[in-house]
Every structure is written in C-alpha cells, then in structure tokens.
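Think of it as A, B and C in the order they're written, each chain with its own count starting at 1.
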Amino acid sequence: MSKNNNCMSVLTNGIIKENPVFILILGTCPTLATTNNVVGAFGMGIAALAVLFCSNILISLLRHIIPDSVRIPCYIVIIAGFVTIVQMLVQAFFPELYKMLGVYLALITVNCIILGRAEMFASKNSVIRSGLDGLGMGIGFTLALTAMATIREVFGSASFAGISIPFLENYKIEFLVKAPGGMLVYGLLIALVYALTHGKAPMKKSFSCATCPSAAYCNTAACKKEEEGDK
Amino acid sequence: MFKTLIVILLSSVFVNNYVLSRFLGICPFLGVSKKLNQAVGMGVSVTAVMLLATAVTWPIQYLILDRLGLGYMQSIVFILVIAALVQMLETVIKKFSPALHAGLGVYLPLITTNCAVLGVAINNITDGYNFLESMVSSLGCGLGFLLAMVLFSGLRSRIDESEVPGPFKGLAVTLIAASFISLAFMGLAGIVDTIFK
Amino acid sequence: MIKSVKSTFVLVSICAVIAVMLALTNYITAPIIIKNENAAANDALLEVLPDGGDFEKLDISTFTLPSTVTDAYSAKNGGYVFKLTTTGYSSGFVIMCGINADGTVSGAKCLSSTETLGFEKTYGKELVGKNSESIETVDTISGATKTTAAYRSAVKDALNSAIILGGGSVDIRTEEEILLDNLSSALPSAEGKFSKLFITEVLEGIDAVYTADNGMGSVCVVGEDFIGVDSEINVISDVSAEMAENISSQLKNLFASKATEISIADYDGLPSALLSASKTESGNYILDLKGAGYGINGGNEYHPASGEYIYICVSMTKDGKIIDCLTVSEEETDGIGSVCADEKFYGQFVGKTEENYGDIDAISGATITTDGYKTAILRAFQSVKILEGGQG
C-alpha cells in the first residue's frame, strides 16, 4: 500500500508539486515559442511527454551499464534518438502539426526537462518509478503549455484550438500571440503561481544556475560561484 | 550577393533575434544576464560556438548525411558534434590561453545544451542557405544573442535595485522586463526589407 | 585503460542501437511522409482543376510550349494544370491554371505576387470557362491594365499549351517572328533581314515600309497584306495593276525624296530640344530632338544636369502632322523607361497632331520618361510652326 502511494506521488509530483513549467521553470524555450495556439502547445506537450517517458525508461534500464564518465553523451544520444523518432512519426501522421512546430520539435533534444530528469531521476531510480516520473512530468508540461496557450489564443486571436470565438472577435489583444506577449503571460502566470502558493513552492532563489538541471553535473566555476553567491 | 548577406546579417541580429523573437537560448538569457561581464562572456562564447558549429555541421549535412540518405540522423549527429566541439574548444582554450579560459571557459559547458546553437545549425539547413550565407546567419544570430544579453543585463541591474511586489520577485519581473525588450525589437520588423528595397 | 575502453564501447553500442531504431522508423515513415507531401501538392492542383482526380507531372522539355509555362501536370480526366511565371512590368508572378479536357479554363489562382493591387485574387475567376479564343473578350482591369493583360496572356499560354499537349498545333511565335515570316514570304530574296524605313513623305494606304538589308528590294505593309517590291521598285507580289502602280509610284517618290539641312541658328525662338532640322523638296520637315529622360530634372524641362537624354527623330508635314517617329537612342532604366525605344510606344505618335498627340498610352511605371518624350514631341510641333514662319 505504501509503495503504491509512493508511486502515485511520483506521478502526481510532476503534475502539480514540481510542475516543470511553473515551479521548476524548465523548458522555457518551447513554453514561450509554441504556446501561441492551443493545438501546437498540446502537440508539443505530447511529443515531449513521449520522449520523456521513453528516455526515462531506457536510461533507467541502462543505469548500471552506462559508465559515469560518458553518461551525459549517452543520455544525449538516447534523447536525440527518441526525439528523431517522434519527429518522424509526427511528420508522417500529423503533417499540419509538424509544420506548426517546425524547428522546436527537433529542439526537444536540448529541452532541459528531459536531460534534467534523466540526470536527476532516471539514473537513480527503478524503471517503474522513472517511467511514472516521465509520465507525470510530461503531463505537467502538457497541461501547463495548454493552459498558457489557452490564455494566449483565446485573448490574442479570439479562438480556441482554431475554432473562433465570435464575441471576442472585436476585443483581440493581438500582442499576446506575438513574441513579447508570450514572455508577459509567462511572467504573470509565474507571479500568480507564486502568490497562490504563498511563495512556498516556486524558487526562493532567483532564476540562475541553481534551477538549471545541468548544474548538477556541469560543475563549472560559474555555477559554483552562483551558488555560493546565493548562500 | 553582398546585399543578400547584409540582409541576412541584419535580419538575424534585429528582426528575427533568436532570443527575443524566436525564443531560443532563453535559459542563459535569463540565467546569466545578471551582470554585464557575465552577459558579454556568455554572448561571445555562444557566437564563437555558433560559428564553429555551423562551419562543421553544414558540410556534414550536405557532404555526408544527404549523400548517404541519412537526413533523419540530423538532430542526433548535430548535437553530438556540437557537444564534442564545445569540449574540444574548452580543452584548446585551457591549454593555449588560460586567461581567455578564465574569462570564457566557464560558460562553454553550459552551451552544449543551449538550444540556440542547435537551432541555428538546423535552421541554416532548413532555410537552404549556402555555406557563406550560413556562416553569416550564424554570426548574426550570435551577435543578436550578445546584443540581447548586454541590453538585458543593463535592465536587470536596475530591476535588482528597485522594490518589486512580492509575487513578482525573481523570475516573474525578469520575464516581464524581457517582454518589453522583445516589444521594442518587434518595432524593427520590416525595417531591413524596406531599407534594401 | 580498461575503464575508458568500456566507456567507449558502451557509448558506441548505444549509438548503434539508436541508429538502428531510427533507420527502422524511417523505413516505416518515409513512404507515408512522401505520400503526404504528394497529397499536399495534389490539393494545390485540385484547387484549380476540381475534377482532376490524380495528377501526373509532365516533362515539358519534350514539348515546345510558351516560355511562361514552368510546370505542367496532366489530370486523370484529360485536363491539365500549368504553373505559369509571368513577367509583369515591374516583377512577375506565379499562376496555377487548370484547363478542362474541353479546352476551357477551370480555374486560375495567383500564388505569389509582389504587385500590390490585390486584383490577382479575383481576376482568375473572370477567366473561368473561357477557351483560347473567347479569353480575348475578357476585359483587363483599368488601373492594372498591364498586369491583368499579363495575367490574361499567361492563361492564354496555358490554354495553348493544353492544345499542344493534346496533339494540336498553335501559333506560339512572338509578334516579331510572325512579322519576319510575313516579310520573308513577300520578298524571299532578302534572306530574312529587313530594316524598317523611316518615312519622310506622306504615304496613302501604305502603313509601313521595310527594306531588305541586302538591297534586294523592299516590302510595303498595306493593312493585313505584305507586298514585295524588287530593287527596281516593281511590285512582285500578286496584286491588282492599279494597286501595283499606286505603290510603286509612291515608293519611287519616297526613295527619291531629298532633304536639305536648315540652319536652325537663323531662326529665333526655336526650342533647345531641337538639335537639327531638314526640309524635303515636298516641304516636309525632319527633326532631330532630345527629350529629357529620367534623371533630368523630373523629365519636364531641359536642364544641363546629369542624366541621359532620349534622342528622337520625327518627320512631319508642314501643317504639323507626324509622318513618322523613331527613338534613336536612350539610356533609360532597363525594362521600365527603356520601353520608349519600343516601336509599340513611339509608333503611337504616327499620324498625330498637336491637338491629339497626348492621347497615347503612357509607359507603365515610367511616367517621367513618358512626360519627357511627350514634351520633346510638343517641341517638334512648335519648331515646325516657327520654321514655317508662324509663332511657337
């Protein structure tokens, strides 16, 4: 029972408590770039979910085989492999979505959520837990992206998933679907999450190397200085 | 010819700025832009790596992958090549110029997973640029990144000194400030085409 | 050492496994991706030929098609779709045009256009249902005459191409080629080399005279007919004796016409645009003029600024009617102002007087050049008045 509970919490962890977009602040590039319409954002979320789930499982399976010294290149190869597979599948079965996402689909490879979870979770946990973690994080990512895209699309282009909303037609804030609008909405949502959780959940520290998943392994002077400075 | 190159350069610096209008390389933009010297160091490193990565990935794509019909291996080959290049660059700089390494070396490992670098390598292929155009576009993207970093570091030092309402502290206000810079850059859209018409 | 070998081995194995996975996925998805892309291309073709069904791309290099045709597709229902690239006055645009099996337009759509008029979205609809003859009856849109005419002629090229691909034959020669053919058949001994004669005498019923470059005679254009004349000025084409007599006497008169130079310095008030003038025995004037081209003070006044002049030769009766007009040389912008060296432009002045010379069609996109040219023609009328003793 307690183990089941534990697994459940691994799954839900990524959705709410450690939501990668609003709490961990990871994967900012796709979050900003693909949320100007709901379809693209949802597709991006599902694509990332698939990659995250598969790579987490494979990396967890191989966690005793991969030598420590080459683990990062190994993770990168595995992740890039799954990204390419997803990319080909999307191109074959959802050509419209493929056009919409463009280069950002290929850039899931360098999405820090995925490498971050590989490094921080999958390499240290069992296959089942890693799979659930990937699923949870992926769902959290998808939900966050879709939520943000809903705000931007509804108010920015007066439509939802391409279906136009007539009564908002005359009150469009077109700025929201453009680049600056993405940053503004993201900033406001982060402030909102901070306010709702009374500052408990989101980063007490300002955004820096400390929240970067690479910080665990990059070990550079920049990160160290940063961390020391924050203390 | 020359005109095309100038248009590519200017539009990748100002109009299609990677950070401010295409959202590539947001992590270092928000993370390492606290101080001016850090911003410059990161910007210069990214520019150098972008140029180097394009110089290597462009021939790989056209001379190896396309000829063997392995176009689908693009992402995986590019990211590995970039990772290896960054590692090599760091080793070489460390050996030959410790001073430069102290300045720039620390930013290099962070660049491997910088989506702007992989992004520029892939975009140069998708846009069908020739080698020279690709190099110019990489230079433009790098300089655009540097410009955004430097401008933003100035803004951030002001934000740090001001009193920000509770929930907006930290990342929220940083993003909103970035939004305004992006808005300013949006005003430049179309200007390059008009100048060279 | 062993450690690093093991590391390398693991990394290489992972790479190999991933590569195999990718190859497999690619093997499955590649045909679907190609099919999707073809379907998307097919949809674009279906848009202009809705009953087309499936399309097959044709190798157009095996046919002699008009040069506007860049791609051709044959449809299952016997129709065709053509991709056409026109050259407008400033820049070209790309048109997809569908032709039904019965040789009528099924649809035309402008894909790209830098022309800003916006008509190209609707003009294609007006051409639907027309065949290669009835298309001529569709009016061009005023305000966009040149571009709509280019659109219409591109669609006509598509209609002609459909006839050619269907095994028929169509005259796709250019106007120059047709003219040369007509001239050569009227006077074969000229070996296909003719020059248009600058006419200095009033001719009745003869529209133009072309002389053979090798001196073997000349050809008169009378309405639709081309009448050959040998070097002795005897009509060799099959025409009525009366007509032959009329033509040869007029030509003899024309060829015998002599002009003497007038000293223009002796006259006061002649415009500076007049460079030299001659008078024929029959009292007609031949004037050499310069017109202000683009770059010379807006084209309207003669100004010793930089920029190039347009040199024009005009022959005129003493009562001020233009007999012939010719652009001798110009340095205007290629493809825009340089149209003033086109016979279609300067030929418009033939037969005009001071009252109606302004009615000619301006050169699209080159108002300044046109104005400069017209001003030079006005100076010609004024010069003749002064030379005849009146006031300019």
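The rule is simple: a residue touches a chain if its C-beta (ideal position, glycine included) is under 8 Å from a C-beta of that chain, and two chains touch if they have at least 3 such contacts.
Computed from a prediction, not measured in an experiment: that's the story for all the values here.
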Centre-most chain [mean C-alpha coordinates]: B
Which two chains share the largest set of C-beta contact pairs: A-B
Chain whose Cα centroid lies at the greatest distance from that of chain C: A
Rounded Å distance between chain B and chain C, as computed from the means of their C-alpha atoms: 49
Length of the line joining the C-alpha centres of chain A and chain C, rounded to whole Å: 59
Chain A and chain B, separation of their C-alpha mean positions in angstrom: 21
Interface hub residues of chain C, defined as touching at least two other chains: 18-19, 22, 25-26
Residues of chain B touching at least two other chains: 72-73, 76
Multi-partner residues of chain A (each touching 2 or more other chains): 73, 77, 80-81, 84, 88
Chain B-facing residues of chain C, complex: 18-19, 22, 25-26
Chain C-facing residues of chain B, complex: 72-73, 76
Chain B-facing residues of chain A, complex: 25, 28-30, 32-33, 72-73, 76-77, 80-81, 83-84, 87-88, 102-103, 106-107, 109-112, 115, 175, 178-184, 186-188, 190-192, 194-195, 199, 202-203, 205-209, 211-212, 214, 218, 220-222
Parts of chain C lying in touch with chain A, wherever the complex brings them together: 3-4, 6-8, 10-11, 14-15, 18-19, 21-22, 25-26, 28-30, 32-33, 36-37, 40
Chain A residues within the chain C interface of the complex: 62, 65-67, 69-70, 73-74, 77-78, 80-81, 84-85, 88-89, 91-93, 95
